[in-house]
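Common to both upcoming complexes is chain A, partnered first by chain B, then by chain C.
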Partner chain A sequence: MSKKDSDIGQKSDIIQAVIIADSFGNEFLPLSNDVPLMLLHLVNKPLIEYTLEFLSFGGVEEVFLFCCSHVDAIKEYIKNSQNENVIWSQTTKVNIIISESCRSFGDCLRDLDAKGLLRGNFVLCEPGVVSNIKLLPIIKKHIESSAKDKGTAMTLIYQEAGVGQYGRCPREEIVLASNSDNRVLFHKKINYNNERKINFPLEVFLENNCVSIQHNLKDTHIAICSPSVLPLFSDNFDFQTRDDFIKGLLMNEEILGSTVYWHLIKGNQHGGAITNWRMYQALSQELANHWFYPIIPDVKKYSECFGRGAAVGHNCSISESSNISKSIIGNNVTIGRNVTLENAYIMSDVKICNDCIVSNSIVGPKSILRNGCKVTFGSVVGANVELNKESFIENSLVQSKRPEDDYDDVDKLGERAYRLKLVDDDEEEDIVGNKLARRFSRLHLDEDYAKSDDDSLESSDSEDGLSHVHSPVPDDTNMFFSEVIDSLTRGFEDKLQCDNLILEINSSRYAYNVTLKEVNYNVIKAILNLPFQHSSGQQYLPALLRTLEYFSPILKNYIRNNDAMEDCLQAIEDVAASNNELCECIAKVLNWFYDRDHITEEAILLWYDKLDKISRVNARVVPFIKWLQEAEEASSSEESE
Partner chain B sequence: MYEKDQMIDIIKLITDIKHGKLSSSYSIAVRAEQSLENLISQGKWNTAQELMNLIKLRLKKIVHLLPQEATTNNIMRHILKIIRDEYDAGFKSKAEGQQTLHHLVTADLDKDATDYSKPLPSLKLALLDHLAEYKVELEASGDNIASQASEHIHSNEVILTVGKSNTVKKFLKFAAKTRKYHVIVVESAPDYQGHAMAASLAKSNIQTIVIPDSAVFAMMSRVNKVIIGTYTVMANGGLRAASGVNSVALAAKHYSVPVMVLVHMYKLSPIHACAYEQDTFNVFASPGDVLPYSSGPVLNKVHIYNPIFDYVPPELVTLFITHQGGNAASYVYRLLSELYHPDDYYL
Partner chain C sequence: MLFNPEFQAVILAAGKGSRMPELTAGKPKCLLPVGSKPLIWYPLLKLQQSRFTDVIVVVFENQRAEIQTAIDKTDLKIKVEYFPLPSNEDLGTADTLRLLEEKLKSDVIVMSCDLITDINLNNILDLFRKHNASLCTLFFNPQAQEPIVVPGPKSKHKPERDLVGIDKQTNRLVFLASASDFEFDVSLPKALLRKHTSLNVYSNLIDSHLYIVKNWIIKYLKYDQNISTLKGELLPYIIKKQLAKPQKNTVTNTSIINIQDSNDIFQFAKEVDLDILIRESSTYTDHFGDLKASYHSDPIRCYSYIADTKNFGIRVNTLPAYWYINGKITDIWCDVTNEKELVKIDSKAEIKSNQVDDKCIIWESCKLNEKTSFKNSIIGSNTVVNSFSRVFNSVVMNGVTIKERVALENCIVCDGAVIESGSQLKGCLVGSNHTVPEQSQHCNEVLTKSDQLMEF
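Our next item is the complex of A and B:
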């Protein structure tokens, strides 16, 4: 009893922290079924280990770990590490709080308020925090600002990050406006739900002389909280997440009388949280690259022998003929011959047999991949999965147990391998933004795919670009081309006015920012491709001539000068090179263009000079050119006579 | 259970080192010595063997958790040697008088086989006495080194140093009492500890110039002596020094400028490690110092190394200055055999 009293006496001095252990989402399926997020291995150590080491490093002396599921596993783990005298256990006391009834982040904080364990300012870590931030100066700053401003409730910690960096999750993009005291005036999360505009309340600018608006920030998911935070959560039971809390405080500033501040960490301090697989990947790489120094992973070999950036755990056996790059491999992993691992995250006790390929994927603990398996495209293989010989897994989640009944069409891959459908866990309505958000929460693909991500974003109003992750790179020109084809097909079928079609094409041109040269080229290419939709082989030529006749005004509009003619001929050549039908009748097509005065004789001859003389196209064109030249000579001789 | 209580001491030490609370190697050395002194005076051991096992257990723990830390290990190894010496001395004094040459030779052979398990009641007191002496030696080491300053620094010389070292600072300040000379401080990016060093020197009225690392070669022609500190001295006399020191030493070699390294005895390590064993030799700090995280997507593609240490081969070092005086790099092996028992080199 007396011990407790002295504890209370000290409580205002020591620094306390709260870790919420559950993310309450399904981001980590299928692994989250078997392993709690906190014990998920991140570069060979459970995540909780990094979080606790960070807090101990930051000077925190008492930690409340709030668990809602997998309680026993976490309890046992913490007990074991305390017995083993792990480094953090000396400076930091860990209390586990269990409440299985909590369903959200907000519920946890309300529960904490009811328990009344926290007295002073405390550090609040959202699930999955990894960091090396020095907390003491920030806490001091928080105390200073609360001395100035009695309503100070929270100091959010952010880090600067560039657009396109892996560690900056597109799902957590924020825009933040603050005044010169670093008080947050405006805070908005952009989830890419088709929002291109942000509205700032006018008061933000009217009431402050100096406002800085930031869009270069990455959330560390760490915040310093005043004691008033917990009662605020209790009073407003609609606060489910930290974002709700911030939004609520900013909206009802007068009523709640609370303010939020923010802090930017600098130099070699680094922070982040694993909120989804994408962040898991980013943080793994950052950890392996020592961004969190002095908190570094326990990998024995971080060596160059397997190509760039492979981190390997203890007791692994890796065949020499395997090819490993940018991957992280856990403890006790066996890797057979001719295995290719690229951007793969292999957890402990995995066995990968000969000739397997794992790329851009995660393989959970104790899984077995038999000979010749292929796991690619952001797949996640859960714990204890056994993949049969030559299984092919692409872009899917695989778990070892048969999924619950509500997953109707179960895809069984083996005794201990069931594929989870990616979309069927939708409870929210399936809006575009949501889909995108889900995709962003999954693993990064390699460079090319990352690029296609960006492009589809720019044109996020078209469904096509979004749903096909693996479709070929939809760069602007390609998008423009398909748009033109659509317009022309519709125009031809519905017999629309060519003038209107020109207007349509021009507007797509501006939408995709395509150069005039590309417009000419793509329009001709589109027209030449059009007949393929209805006819083939022998019927191609008549169909083509019909289309050409019909689109004559369009041709006239676009083929205006010599440059345009050159583009046009180039288009004909390219299409002919890839299609037999057009190649057969290229002379006739050229003749048609010549007859209708779309292309001049000089342009054709000039083009012919540049033409590859051994190509198939060349052979077909020669008679026409000969005829042209003869005609020219004839005409010139006529003239001279 | 008891065993664990004892280890807490060491784990606390490791935590403090890891969290950067003990930054200077001197404070680490004192803490390590203190914790072993506590172990000897309060720990439960009966024979020298038991005590040595306890210490070795701690050593292994430190090697496991802090593979690059050398100071604590060296202190502990030295104390192991002290225990062996005291133990031998304790038994020898009993059997005094029969020492013949023949006896010495045979006894030496026996000694290797000696198990240190015979109880020796006087050992504890003798050890504590010896440790008290050792502690004094530790504490005086810095002053002893500094007192040699006037032998090495002469009037109107230009001295170059790199980054920050408490020993070097003391050394230069001592010389400044009697001589007037210039100091060039290399700022030592990316942690720029040279700035603090220069500020502190300037406070004691020493003419100080700070130069960027890139200007070392250009300035070297004007330098009379390079005086640096180091983290560790390897068994071959090579240095594990702050990154950037190797290029300084090479530049000095080019201009035939002598390089003097100030070392405490506890920095001499019986371990061989050199540049091509970067994993065991070096520590890689956060790349954030070199390229800030806000640099954008380029970070997705590059792998940045920010090494803390540099290996300086022994041939680039002219003189080691310890509290006993100056020694050449080739003499390090001899110092090692005085400091540690060969059985304790590798654990």
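Our next item is the complex of A and C:
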């Protein structure tokens, strides 16, 4: 690995890089209150180590580390590392720039511009970069395109990653269009909005003979910048993020006279950035499996002895009766007897007592989990937290300090454990979208994601108009029905909250433009069909009752008035007509609906009047109806007495 | 016992040639002379050389005899079946195929009568076979065109542009639309991008109008009477349908709302169970990057063959294209006809002139008198050129009479025209049966009986 390359050195001779240390978001709460992102341990080593090693390995000789918070901790850390002569400090000089007034990525770059420290092209790393990319060839390419195109401002570095790949962050899905010179013509993050179409300006296609559209990319958050980037940020004070910058440049290409290029890394090069917990999880796994070789984590033993893959730090004491899989454990961790860790990320100096279960969750440094604690479903336990015996933490954030405002007694879990409420900072964002985004930005829960992603693909497969050809009657209702089935199946299996399912169903409803009547009808039909996915014959009724019980809130939400009851009964009738299982026990099912007050007596009787009297269903229903009528008579006679 | 052939070929020759009305006013488009042959000879030869033995040629009823005579005169061995269309009806290309439905038992290769190319059809047929495709199209890269001066008044020719989206990994054709369909934005479904994560969208390709379609598409056309053109309606529809999933046959198909449209396109596109089974048990996959089954389990698959930039391909459907191909045909003759001998001067021509350069093509029964001069020109059959006349860089069709002392340069003279003595024409287009009076001088004009053009 040659450190100096005469071709690339330019006049200024050395390659400079900028690392922005803060993410300016609240993704890493509650841990980010105590530990700066840069010092967050990632497979047993602070994140900054990886970034600096990568830059040093890539031939960068001078790094500007831009800090806005936790400045002292970072300063001290860098100083210690330099004193210890760690690898990167041999070849790379690190300058810390402090500006606590910066509020965004853009502010940092404007501040850098004012300081005038950068001389030539430079490497720009967004917070949390981990990579082993060889920078020199890309810098060389950047210089070549600058020679051809004077407006070249930035070369973005991307890596190929298929849809649904583990290391591809669903919050950073992008669509990128470029011409044959790899010049970016269109760049859009598509995130979790419900848009089903992506609009490209027509001139993108007309001005270029061949436009390549990529949706198989993952952002490495590394870019090569020309010196013009900093003044561009200064001139356009509304550029807050790198995405703003790209968008602004593409929109005002003529005015700003600047262009953006992109580069696809190939071979065994790999890159990514920790932008949220999900990426933290993905990159941890990748690091533990040496995807970033020669940049490797500091774990003493990487063993298979605890089931499927676990990376364990130094000085750990782990009881042999514990069951550990797909987990990463820091230094000085004590794990008691009969502990189950699955997909868990345990930081340094943690003590986990007997019989604890941690799955799909993160436990911050110096925390203590007393006997029998259970931490699951994408929970994050902050630093210095002490969880009382048998605490149960699910899908929440826990920190050691008492939150200052908005504090509720319910959220106090112990002397040093408080549940944290998430305050959404940007109100503008659509509430549904935000909730979803939050959910997914947390940990990758399990293999389900890939599946649910599939569903979403298929669901959007419907009649997407590509052209203006007439099309046959759209089968939206059917699409809606299968969507509902999917949602409910998933909801039932993963025990998702019914409220969320209702949201999902409602959004499908609007997506397919289905009438309320059809919604009611199809939801009931879907619920009745659900048990067929698991069992048949004798077991249908118990399975159905369990399902109905679980989905009670949904039923309550949809069966609101007499019309809805009618739809519901119609659905029961239709499903019963085609299914022996339901037909056999239709009376019991009706009884259930009646008992739970989902359907009133009048509605049932009204429906029965219209029922085809020679149908099989009718025969099964008769006893129930009789009973109803008798009960009615009884009650009315009671009243009259 | 009669076996169905693997492919049946259809040549559509019932076009009105509305993009070059000056030439097609008196003559079927497919018989316009290109080099030493009528236009339709080229696609027919292409088929014959790809081992097709039979072809259905769709013609207008009233042009049938003329076309048949012209084709019979050529040396083609391919058996031609003529399918006449009533000449007064305006039928789209898909309408035509619909009428042919009973005759079409196999997969179909549809060509236009105006295609001249040096491409080997087997390449496209193989692509179709390889993927068991539903639909295959052929695109050309634009020819590097040197600017040419077309006879007639100057006009700006603005070609239509298609947007063609092709998956980079698999060559699947996933998007097709005309650029003029869009005003500002082109919108692609998100699902398309998630399925085909790496696409090339071309805006400069030239559609050859050569399509290979599975037989079920013809059956579908029969069912869906609303589709009238191939390029404009059928293709975009089939291509779009690749994204949709066939309806699953769930237990619930008996309810009132769920009445299945039994003529859903996927009912037509059904694959043979054995094919699916073989594909599922094979390790072959056509793409990588996700964990989906090969072809994403799509029963409808469209592909595109994009000819190499070296290849030649043109559709002779405009005046500039016609002029261009006639200027170029001697150069590309060998490539286009696969080394057939070019008969430049027909043995039945009567040539007394000694000034005929080697770029000229003289058809049968021409009479070129003494003291005439010809350079780089095509002279159609039964044309008479009298003494002291010269014809440079021109196309003279059949039965034209050129009197004494006429000078033609860069002209197209249509059938049966008479050019009286002493005329000097430069860059002109003489309509069929038109008589150019004595001593007239014209430059860059269309000379025709004006009423003839009004039809169009």
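Methods note: the second predicted complex is superposed on the first by the 422 of 641 C-alpha atoms of A that agree within 3 Å, B and C clash if a C-alpha of one lies under 4 Å from a C-alpha of the other, contacts with A are read in each partner's own complex, and residues count from 1 in each chain.
The definition used in the following text is that contacts are C-beta pairs under 8 Å (C-beta built on N, C-alpha and C of every residue); 3 or more make two chains touch, one makes a residue touch a chain.
The structure displayed is predicted, hence computed values, not measured ones.
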Exercise. Is A:I87 contacted by the first partner chain B, the second partner chain C, both or neither?
Worked result: first
For this session: Pick one for A:N209: touches chain B only (first), chain C only (second), both, or neither.
Result: second
Exercise. What is the contact status of A:I198 with respect to chain B (first) and chain C (second): first, second, both, or neither?
Worked result: second
For this session: For A:K525, decide between first (touching chain B), second (touching chain C), both and neither.
Result: second
Exercise. For A:Y293, is the partner it touches chain B (first), chain C (second), both, or none of the two (neither)?
Worked result: first
For this session: Would you check which partner chain A:S578 touches, where first means chain B only, second means chain C only, and both and neither mean what they say?
Result: second
For this session: Determine, under the contact definition given at the top, whether A:F481 touches first (chain B), second (chain C), both, or neither.
Result: second
Exercise. When the two structures are overlaid on chain A, which partner does A:E630 contact: first (chain B), second (chain C), both, or neither?
Worked result: neither
For this session: May I ask you to decide whether A:Q269 touches chain B, chain C, both, or neither, giving the answer as first, second, both or neither?
Result: first
Exercise. What residues on chain A does chain C touch that chain B touches too?
Worked result: 160, 162-164, 216
Exercise. For the complex, which residues does chain A have touching chain C?
Worked result: 160, 162-164, 175, 177, 190, 195-202, 204-206, 208-216, 450, 457-458, 460-473, 475, 477-478, 481-482, 518, 521-522, 525, 529, 532, 574-575, 577-579
For this session: Show which residues of chain B lie in contact with chain A when the two form their complex.
Result: 4, 7-8, 11-12, 14-15, 18-20, 65, 279, 284-289, 292-297, 299-300, 303-304, 306
For this session: Spell out the residues on chain A that touch chain B in their complex, using ranges where they run on.
Result: 56-57, 85, 87-88, 90-91, 132, 159-167, 216, 267-270, 289-294, 301-303, 308-309
Exercise. In the complex of these two chains, what residues of chain C are touching chain A?
Worked result: 161, 163, 165, 168, 175-177, 179, 181-195, 197-204, 224, 226-227, 233, 236-237, 239-240, 243-245, 247-248, 250-252, 254-258, 261, 264-265, 288-291
